[in-house]
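Consider the two complexes below, in which chain A is the common component and chain B and chain C are the respective partners.
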Partner chain A sequence: MTDRTISVDYLARVEGEGALRVRIHERAVDSVELAIFEPPRYFEAFLRGRSYFEAPDITARICGICPVAYQMSACHAMERGLGLSIAPEVRALRRLLYCGEWIESHALHVYLLHLPDFFGVPDAIHLAKDHREVVERGLALKRAGNELMTVLGGREIHPINVRVGGFYRVPARDELEALRPSLANALYLAEETVRLTASLSFPDLENDYEFVSLRHPDEYPMNEGEVVSSRGLRIPMARYDEEFREIQVPYSHALHSVRRDGGSYLVGPMARYANNRDRLGPRADAIVREVGLEPVVRNPFRSVIVRAVEMVYACEEALRIIDGYRPPDRPYVEADGALATDGCVAITEAPRGMLYHRYRLDATGTIRDARIVAPTSQNQKRIEEDVRAVVERSIDLESEPLTVACEQAIRNHDPCISCATHFLSLDLVRD
Partner chain B sequence: MPSTRPKLAVFKFASCDGCQLTLLDCEDELLALAGRIEIADFREASRRVVEGPFDLTLVEGSVTTPEDIPRLHEIRANSRVLVTIGACATAGGIQGLRNFADVAEYQRVVYAHPEYIRSLATSTPIQDHVPVDFELRGCPISRAQLLEVISAYLGGRSPNVPRESVCVECKRRGTVCVVVAHGTPCLGPVTQTGCGAICPSFHRGCYGCFGPQDTSNAPALSQKLVQLGMDSPSLARFYRTFNANAPAFRAASDAARPSPSPEGA
Partner chain C sequence: MTVAFPAESPPHGPPGTRLVIGIGNEHRGDDAVGPLVARRLRPILMDVARVVEADVGGAELIDLWTGTSFVWVVDAARAGGPPGTMYRFEVGKEELPASLGSTSTHGVSLADAVALGGVLGRLPTHLVIYGVEPGHLEMGTELSHPVKAAVEPLVRRIEGEVRSVQGAVWAEASVGGPDA
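Showing the complex of A and B:
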């Protein structure tokens, strides 16, 4: 047999609908195609004509897994364009909400989507048959993240409390205090997660990634910072379009992002950690030292440990924010100056990596142009290269185990296909 | 040995994945539930697929591509009970805003490579294509209502899901009315409850994510919203979000803005 094709028609344990096709000729990989067949939903088209004020709630519906990320990028973009400045207390609450989403989303991926691969079982339900305490720990962590989002956001999926300029209602101190026991427990469970994941055995593979993330002067990045890369790039968010561009490929409903020179890059936990190892909090730092995690993780299968470290960080950061919380004088500020602007741009760190929003508003505050680049769009090309690397080193495997290895190579980066798909640019000729 | 437990399947059409995530968000119930039912086909959670027929099928998302239609018919034929979950599956979702776009305008839409993409001009709910046994509303659905629907069908009874308006829920919770107290525009009087009336408890007007309540009077609410100072385009947009194609909201938004908008929204 000189030609064979590895096909996965419907990728499991990822968010959304995608397929994989790898063509092998002799003992070489001919092509790798991560085909995203999830239908486009045209957000960028129907955002035109909506008020700037509606963008956080509408764009949240791009992804039920990371709605806070969309709300945050949309709010920051509008606020930057409109010149609104946010009170430090409101800024802290936004970071707290983001901690909830990081905990929930990472716990979902680590325990329900990724860990079954390492145990050779099809899903977390089967994992629970022999390791019930492991799955229960994951569910408890996930619940802690969801509780935080429910208290602060009103509900965990598509929270209702976020608005341009701040929040509709800010919590009283005791509402946040009540979260402390569950978060303290989650911190311990997250540390246990680092110990568990660090003890797994990993395929021997290192890739040469260009890691791209935000970097902030004093914090592990979430809502603010400059765009940096492990190869020396350092630019303000507003210059993103100069360094990164999108291309359309025939086999996928999602655009691929590439660097200016056409090369791939990686966003997400591995990139954030590589670029911000020195910004972790004391508990995350201590657990990294305890398990001896390398300062830059280049083995994609080990991303599961990095996600666990970020959960530790998100738990300790949430507790720190609750400790220092005092309610702001006003829950939100409103735009009162000119609304026409093309300066609405922001990047925030979704659980899966940088999420870019850019808008142009007219004098009535109506959106005239919208552009959104999701983390998975940015990682698609790199994920294909990862699959190629895995196939090349395992070319002699039978098709079934090779298929499993390919699927895991994709799941390593927690792709959110629902996010990636909805950005096929439509350009209305009018306007 | 084949399992004798009832088989559950979860399928996705155009959507954000949030409603199926609600099943995984049942952290306290998930393992117990998995003991009572067999999760036969749920790709977001498992790579193991058990053949149908399925005793209970949950369908998320709306129909937006030509391929969706035969796929949906096959799912229906393979399902004893089919329940749609969420605003996309029951009303076409936010992507249903394309249904308001001027067709001529859409023909002038230009892609970089339109030949790579297959997509219908409309986003339609599941019930437009196949019979549906029960529709669970919400953007997203409520976790408690999802568990109720699963328990009901496993127990061979009808789900007990309230049909009253968000207003009733606010009264029950003792939430001060945001319209009366603050003049804040609110769709609560015309929206079915199920969310728990969250928005008014956060000093925000309801934005209708559970869709129209069956016996509501949208024209009367629209009149009130105009009195509060809402202009026509804002009023039309207020009804045109996640349940824009639900007939009562569609009629209310068309009444607010009679001519089709070139923007499509």
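Showing the complex of A and C:
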């Protein structure tokens, strides 16, 4: 009677397929295993032998939710390795494209995947029955993000307009101007989202996270910056491998990332906000003050507020970029030097956190080696620790409500399991 | 250098239009069946329907089909049959299997989108979903033989259904059942 196992065979409302096992002995948690059983997707193997030029489009297919992030990390990695410098106007457009992805990805998670937990309903369909206006607001926000991605990306999901060196085609001023009304409305809706989420009641739980994100001298980080942590780490992107490593765990198809000393860390909105609170724009800053959001959020359930704040930021930043936009003289630059390099490294801030790409190219520009570390694999160990913390404080609950609490602990971090499954050696699969 | 964007219109078409959506990831084995069918249908149906290929989640589907009367969705769907098996569901006439769209990796599945669209009053008047049972879904692989063999029959069948729509009326007699 003293042993029990909490099992969730299919995690709902997360991206991809995963399962959870929690073993409890007496009144203590024995083990927590977040198993990712989607078949590994061997993206790195798929990339080997392809031209450097194909990497943005191929890697964009890794995830239907954050294709821009994969394109951005791939482009920046290649450009860094090939020594290409990007015009400031192109850089601004990329940031604008990233704003679109943040808005649409956060709107999806906040409204359709996460909010049902706080309204005590099983899913967004039930939420829509009782609070239609809430779900419609989420869809409207998501649409605003999609529109931005359509104009810049050429296609709303899986943008095809992005290339190494810039864009195939850049928008005219009036094309971006046309987005203003929808973005201004989205900004208002995002502020309402902060007010709504800040008014929810949250379980009383604080975790001691090591928050890891990019930090830029004067911007809230998206495409550039140093890697920093809330415990004092500060390194250039190229030194990522010295401070972070990947380990295999026997129960999952995805690798776990850990710090050099084996400890967990957290990437994503909570980490970005904790490390860059002072880089928010005026509207995001104002709404943070209005609702009294703490400067560092350690309660994982309150990540829903942070995502909402980041939506406000992405909307105001998009409007700011559109205001100052002038088309670049050339939409892209091309590599004209030597192609052989192992210096193709980049990290950008995907909606779910840092996305690391590293490539090695031969003299023909063919990819000889590729390494991709997705945000969810970096968060996996920390998510397990979150689940443990939730179980420990709720150990007397019946199994059913305890299971619900565990699922919520996972959803707090918006894991994208399909992103996390593409880099495993074959031997583990047959386990 | 210029790039040719796919022939897609903005998400909201005028009411009464016909729309075919092929869902899936073209680099992921049999998951490519939706986009491939859409790509075949685009030139064939140019005069009568909008055809979209997309690797999208359920939430985007609702925006895509809102305001359109007749919609066909093609997706890989696991329902237990041998690879290449074709399934046809007409929303509102039969229960959708919950697993529908679960080969995609999104938090909101096709079945969720249909349910959510229903609650929000944002479903097409006629929504037909074609599922094809996948053999394999590994990244970097091509269509399996049985699924490849299913493409042309599916293209012809959907073409027939799309063309059978007269104005706002569906010529029911010309629409085959699941075993046709």
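The rule is simple: the second predicted complex is superposed on the first by the 424 of 431 C-alpha atoms of A that agree within 3 Å, B and C clash if a C-alpha of one lies under 4 Å from a C-alpha of the other, contacts with A are read in each partner's own complex, and residues count from 1 in each chain.
We take it that contacts are C-beta pairs under 8 Å (C-beta built on N, C-alpha and C of every residue); 3 or more make two chains touch, one makes a residue touch a chain.
For clarity, every value in this text was computed on a predicted model and none was experimentally measured.
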Superposition on chain A - do chain B and chain C clash or fit: clash
First, second, both or neither for A:407, with chain B first and chain C second: first
Chain B versus chain C as contact partner of A:45, first or second or both or neither: both
Touched partner set for A:389, first chain B, second chain C, both or neither: neither
Chain B versus chain C as contact partner of A:54, first or second or both or neither: first
Partner chain(s) touched by A:253 [first = chain B, second = chain C, both, neither]: first
Partner chain(s) touched by A:122 [first = chain B, second = chain C, both, neither]: first
Which superposed partner A:132 touches (first chain B, second chain C, both, neither): both
Colliding region between chain C and chain B, picked from 113-121, 149-157, 221-229 or 257-265 after the shared-chain fit: 149-157
Those residues of chain A which chain B touches in one complex and chain C touches in the other: 13-17, 38-39, 41-43, 45-46, 58, 61, 63-65, 108, 112, 123-125, 128, 132, 135-136, 139, 142-143, 146, 154-158, 160-161, 168-169, 418
Contact set on chain A toward chain C in their complex: 13-17, 38-39, 41-43, 45-46, 58, 61, 63-65, 108-109, 112-113, 123-125, 128-129, 132, 135-136, 139, 142-143, 146, 150, 154-158, 160-161, 168-169, 417-418, 422
Chain A-touching residues of chain B, taken from the complex the two chains share: 12-19, 21-22, 24-25, 27-28, 30-31, 34, 39, 43-48, 64-65, 68, 93-95, 97-98, 101, 105, 108-113, 116-119, 123, 139-140, 195, 198-199, 201-204, 207, 209, 234, 237, 241-242, 261-265
Chain A - residues contacting chain B, complex: 10-17, 38-43, 45-51, 54, 57-58, 61-65, 67, 108, 112, 122-126, 128, 132, 135-136, 139-140, 142-143, 146, 154-158, 160-161, 163, 168-169, 248, 250-251, 253, 407, 416, 418, 424-430
Residues on chain C engaged by chain A in the complex (per definition of touch): 1-3, 5-6, 8, 10-11, 25-28, 54-57, 59-60, 62-63, 104-108, 112, 115-116, 119-120, 137-140
